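In the two assemblies presented below, chain A is common to both, partnered first by chain B and then by chain C.
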Partner chain A sequence: MSVETLSAPTTRPYLTSLLSAVVNPIMALAIAGILGALLVMALGENPFEVYWLLISGSLAGIPNILVTLQMMTPLLFTGLAVAISFRAGLANIGAEGQMLVGALCAGIVGFAVDLPALLHVPLCIAAAFAGGMAWAAVPAFLRVKFGVNELVVCLMMNPIALLLTGYFATHVLKAPGPTNKLPDVLPSAKLSTFSFYSQVNTGLILALVLCVVLAIINARTVRGFEWKIIGLSPKFAYYGGIDVPKRALNVFLLSGGVAGLAGAEQVMGQFGAYYDNFSPGYGFDGIAVAMLAQFHPIGVIFSAFLFGALNSGSGVLQMMTGLTKHLVQVLQFIVVLVLAAKISWDWLTHFKKPSEITMRPSRSSTTSET
Partner chain B sequence: MDIVEVLYSAVRVSTPLVYAAMGGLLTYQAGMLNIALDGFMIVAAFAGIATAFATGSLELALIAAVISSVLLAALMATFTFRFKADIFIAGIAVTFLAYGLTALLLKGVLGEDGVFMSNTIPRFSPIVLPFIADIPVLGRILSGHTILVYVAYLFIPVIAFALYSTRWGLRVRMVGEAPEAAAAAGVKVTSLKFQTMLLSGALCGFGGAYLSLAYVSLFANQMTAERGLIALAAIFFAKGRPLPTALVALLFGLATALSVRLPQVTGAAPQLLQLIPYVVTVLALVIVGVRTARASNKHGAWKFALD
Partner chain C sequence: MASDTSKHVVEMRNIVKRFGNFTAIHNANITIGRGEIHALVGENGAGKSTLMNVLYGLLPRTEGDVLLRGKSVHFSTPNDAIAQGIGMVHQHFKLAPSFTVAENIVLGAEPTLAMGRLNMRRAETETGELSKRFGLDLDPRAMVGSLSVGLRQRVEILKTLYRKAEVLVFDEPTAVLTPQETRELFATMRQLAQSGHSIIFITHKLREVLAVSDRISVMKQGEIVATIDNKDVTAQEIASLMVGRSVLLRVAKDEAKPGGRTMLNIRNLTALGERGENAVHKLSLSVRSGEIVGLAGVQGNGQDELVECIAGLRQPAGGKIEICDKPLGATPADNRALGLAYVPADRGGVGLSLQSSIWENMTVGHLPKFKRGQFLSIGDARARADELIKRYDVRGATLDKAAGSLSGGNQQKVQIARELSREDGSLIIAEQPSQGVDIGAIESIHRILVEMRDAGKAVFVISADLDEIFSISDRILVIYRGQIVADLKASDATQEEVGRYMGGLETPIVDTGASVKEPARVC
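What follows is the complex of A and B.
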């Protein structure tokens, strides 16, 4: 390795980290945009027209913007959940399951308990938070206590959540009628919506506040600093006197709880009841949101807005072109793929010894350990 | 409920699981957990049915399925090894990319939204095995499947042989057990990992082709229905040994077959039977985790007990 590449990050570390935090996502978006345009062209559509439809369908006019904000809300929660855990070196990819369980808890408390709205809404939100936390507790505990790969456990917990919530919605607590859903939540548990154009509700404000609070915690508190150090090097954190297992467990539970809040917003704000299989994969989209945000809570706001806008604009594609909304999914995960590669490039330039790149949970030796 | 019929359908249902499990097992033995099995299969399923629809040839369809799946595996391997992307993140990205891409192409190329079927698509026909078909009960379970079913079960001994009785297999396992030692001994670690990933793609290619051309004769968005995940569960539960993995995959297939039949008879919830593979895997991980924690794991890259 030449002298220049070694000294580059150390001379102006702040500038480089800021640059990589902004340049990497933009590069990934550009690559995804170009590949997407090629794909659209291959399918015989005009890429400019398609991208213009996506933009105008999501941002032109107040109603469209309101729908975009509605689509953005669950992504804010799940993106934030993934970002918190990844920043601490824990890969919580179980946000989907945690969200479903959180939604189910909010749905049950929403219809089964009769309280004034002032108490009912916080209780439902707390139930969703607890549900998400409980679901995250399994991988978190196994990870911290026994060193079991949290990714595999999360992967398995997702379908378990889907099947269990499905069991509740189709058998145990099924509302009368043909649809697989729980009974409607009581009016006292509903989040108020702002307009009749879309289902955007107070959950959006909660999510934005949460993003700002977490950004402050990350930047200004000891706890936030400890999470970052654990993510960068658990060994260093340990020798620095941080109670690594305890903090890691806390972060993972917090992450699960935030993912559960996404479910609360869906049930109490957008649908008004727990519907079986309601999620089009918000938990997995959260991974894309968090990666594009480079795991920064304020960045999550921007990337959730972007993907929310793409999602809401993609509805038009189905009607106006020969494409489907899945184009957005393709773009989203090209971004993830490129950024996944990018992260490691950063690591390579920042650390001298290749062996130290395994500061995040090492995947190379996981099979032998688990 | 006819028990023989259930067992017959268990063999059928387990076939894609066996393909995916054999594919995932190879990478598992090489020390990688490949979670993109679903992505590989869905691409193969789409390429298979699209080719069969366009050309009317099952052979070409099978070839197209395998090639497309191998290409996706190559993409994932390139990002993992060349660009040093985290294999899990790459796996998730590739899987959802594959889901999205097939759904998009379904509309863009075949002009259908969500589901595609056509009477002109050829279909693998069932084969009556000459002698086995005459055995009273066993014959009805084992005979009358399509060629891809038999190929799937033939792959089990082939892969066991390749892993445990060839020089290549020894190296693969060495790479999985101790990559540093393997590299020191002159084994090309990355190259071997790349090879297992491509083979994983090829096997999933068969699995995907089976899904869309033999198991049913249609394509639907996300039609793999997390079979890759169940296969992964089987691999984990059997610790990546070929025969036990296949047996566990068969058991999971039986649970799936029962989850279709049992509710019709008893009115029970199908979800509870479908839960089995995932719950069993989490429990297995707990047991393995406790045991490994006791035996002070040596190469745990990120254990918290540092003292």
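What follows is the complex of A and C.
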């Protein structure tokens, strides 16, 4: 049992640890790409052709890029929401439900209140934020106060949100007509779109600004520092005088609020009303986006762009080949699986006989130095 | 007991165990006879468990021979040891609470029918027969989760017997038992010995050693310093063998000049342990400015709970604590504000975030100092951490290195640097400050604590290591079963005296119900 070889991976210098943050997602993408290619081949298509279609379908030409940006916007919000909570050690996987409730709130305030646009838009956004926060408050409170596992509560809150919003869209506030939706939001509550090629709107700007602001909060402020320490070691944070329950509650609520904003963007920017069951699972994709981003707000921009591009390319793929757009989902799931398995960097550098690592008594590392 | 080799079931010859270049066991020799109860005693960290883990195949030995019934054996896993008739009754039970007694006992060695089907009926009858044969009354169909601790231990014992163990290692079996259960366990041990089983009994409770064992081996700092027949020895002799040291480390320091101010004042503190027992019972103590008070005691006598109460990590069940004349706050943050600096024993879990960088670890607890509006002055925090690394001589440290990559001694220095660098800290609590720390670092840590005392701060050191207590304390308190049983001036006290208090030999509190003078009448 040599002490030197065991401590080697942890003593890597600063630069390599930065590099490793990027290596993890890149390896995950590479593995997903290879497995996806094998899958495409098994389905009788040419993988190079398929990947080219995905890239050109999402990135070639202004219209395609605009669709990609449109697809990316909700993922920016939900990805950021998940990243905020996970960095603080809280597994908020309820972004889907929080987004739905946020969307419902924005939809109601959007049609029921008549105000000038300068006030109406911020009010709707605030309503969505509050809605998301309120939905996150249940798992957050149970977790912080009673130690209830937030994963379980979030998972249960998601379908409840879907059914609750559905009840509003089909009964309570249903707009006249065959569609299950709320009345259209007033023009004063609409987010302006940039072009007629896609529904991409000022919500994108809001999302990008939020990512940058949170990156600054994380890296530069006392709160960001405290969140990180809580995420890595809550016991140590508490011992060190950080008000762990209060901070954890705040982070969870902030995360829920940001997820709610995804709903605001959908209602006020893309659809113009709350439509029942509008989400293809943006809240869940947000988990994948955040994982690929390694829970870094700037990383969320890149990974949301990638997932948005894959989603928009998948439409083209479906038109041009015999493949369905579910192939893209398979690719995305492989990325998540690889990241969840924590292979890549850690796996390569720690590749040793497992017994050597686990059998080492915790205090034997004390010996060699000093 | 004659030293004829054929009589020895187990013989360990010149065992050496090293972890890296730290030697945990030096040349240990021990023999266990058939039908013998052999006690292995020593302080925490003396190497008792390590030696037994070598025997049980949990740890590979570096040098030496293990002979089983005269033949050299080499176990690489516990399964090898079990197959050869060695069983271990662990201190922390390894049982599945949602399984029945019989299921737990056969787990991993299940009797089967054709096609690999589990023969539960046979498992139950065999379990029942086994428990009758050894007088360990148990219902094979009872759910283990519903059993008391003492009964669960019986399941552990039956588990080893079911696997035909002839040598049973009991790792501090009485630590979790009530006095009544302890008496029953001793009766069981005697019965097992009479039926030809050999028992190795790891403990640091001297009364129990005298009550039940045939021979006693004393371990100290990785060596077996003596093996004695029970009838030839007294508790005092064992205590001095356990604690006596050839080399004594003492920090050069002047006579303490305690100031008038009481920095830590505890009155009638009661605190509950993990199992709801009174881990700390109506305990009172005080520490004044300008003195180092050492709290000695065998681990598990309420020290952890006491310190957690002071640090604000555990809610006391009764009594009061005052830090610098003010009542204890509700959170660790409040207590820090009162002037408490706390160096916890659990470096990896409480005192440091091992994955975080060194500058981050040194900054937690000092955040208000680096707050600029909502922003954190990272430049200032890093500059201070850099200065602390130099001042406290943290070897191998750079600001961005993970704290977990440092050696134990240097992790300890990071904690100490962070806690003691506070200008307003007037009460310092250092819990096991030299645990897992090499000698060079121990000296510098002790020197720092003495400097703090000379600067007029109150220092309270909790340690399981008597050498450390004697090295730095001005006053020594001994904790036993959640109460302070002695308050001695360090310069007048002897290690033997403190050792007797630690073993509960000089208190009116009876723990096993057995009298020291009449060990044979326990069962």
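Points to keep in mind about this one:
The criterion applied here is as follows: the second predicted complex is superposed on the first by the 328 of 370 C-alpha atoms of A that agree within 3 Å, B and C clash if a C-alpha of one lies under 4 Å from a C-alpha of the other, contacts with A are read in each partner's own complex, and residues count from 1 in each chain.
The rule is simple: a residue touches a chain if its C-beta (ideal position, glycine included) is under 8 Å from a C-beta of that chain, and two chains touch if they have at least 3 such contacts.
Values in this document were obtained by computation on a predicted structure and should not be read as measured data.
In the superposition on chain A, A:208 contacts neither chain B nor chain C.
By the touch criterion defined above, A:225 lies against chain C but remains apart from chain B after alignment on the C-alpha atoms of chain A. Of the two partner chains, chain C is the only one touched by A:242; chain B is not. In the overlay built on the shared chain, the residue A:156 is in contact with chain B alone; chain C does not reach it. When the two structures are aligned on the shared chain, A:145 is found in touch with chain B, with no touch to chain C.
Set side by side, chain B and chain C differ in how many residues of chain A they touch, and the one touching more is B.
Touch criterion not met for A:117: it reaches neither chain B nor chain C. Residue contacts after overlaying the shared chain place A:173 against neither chain B nor chain C. Shared contact residues of chain A with chain B and chain C: 235, 238-239, 360-370. On the chain A side of its complex with chain B, the touching residues are 39, 43-45, 89, 91, 93, 138, 142, 144-149, 151-153, 155-157, 159-160, 163-164, 166-167, 170-171, 234-235, 238-239, 244-245, 248, 281, 284, 287, 291, 318, 322-324, 326-330, 332-334, 336-337, 340-341, 343-345, 347-348, 357-358, 360-370.
Across the complex, chain B meets chain A through its residues 28, 31-33, 35, 79, 83-90, 92-94, 96-97, 99-101, 103-109, 111, 113, 176-177, 179, 221, 226, 229, 232-233, 236, 240, 269, 271-272, 274-275, 278-279, 281-282, 285-286, 288-290, 292-293, 297, 299-304, 306. By the touch rule above, chain C contacts chain A in their complex via residues 19-22, 58-59, 311, 313, 331-333, 336, 342, 344, 348-356, 360, 363-365, 367, 370-371, 374-376, 378, 395-396, 400-402, 404-410, 435-438, 440-441. Every residue of chain A that touches chain C in the complex is listed here, in rising order: 1-3, 7, 10-11, 13-14, 17, 220-226, 228-229, 232-233, 235-243, 359-370.
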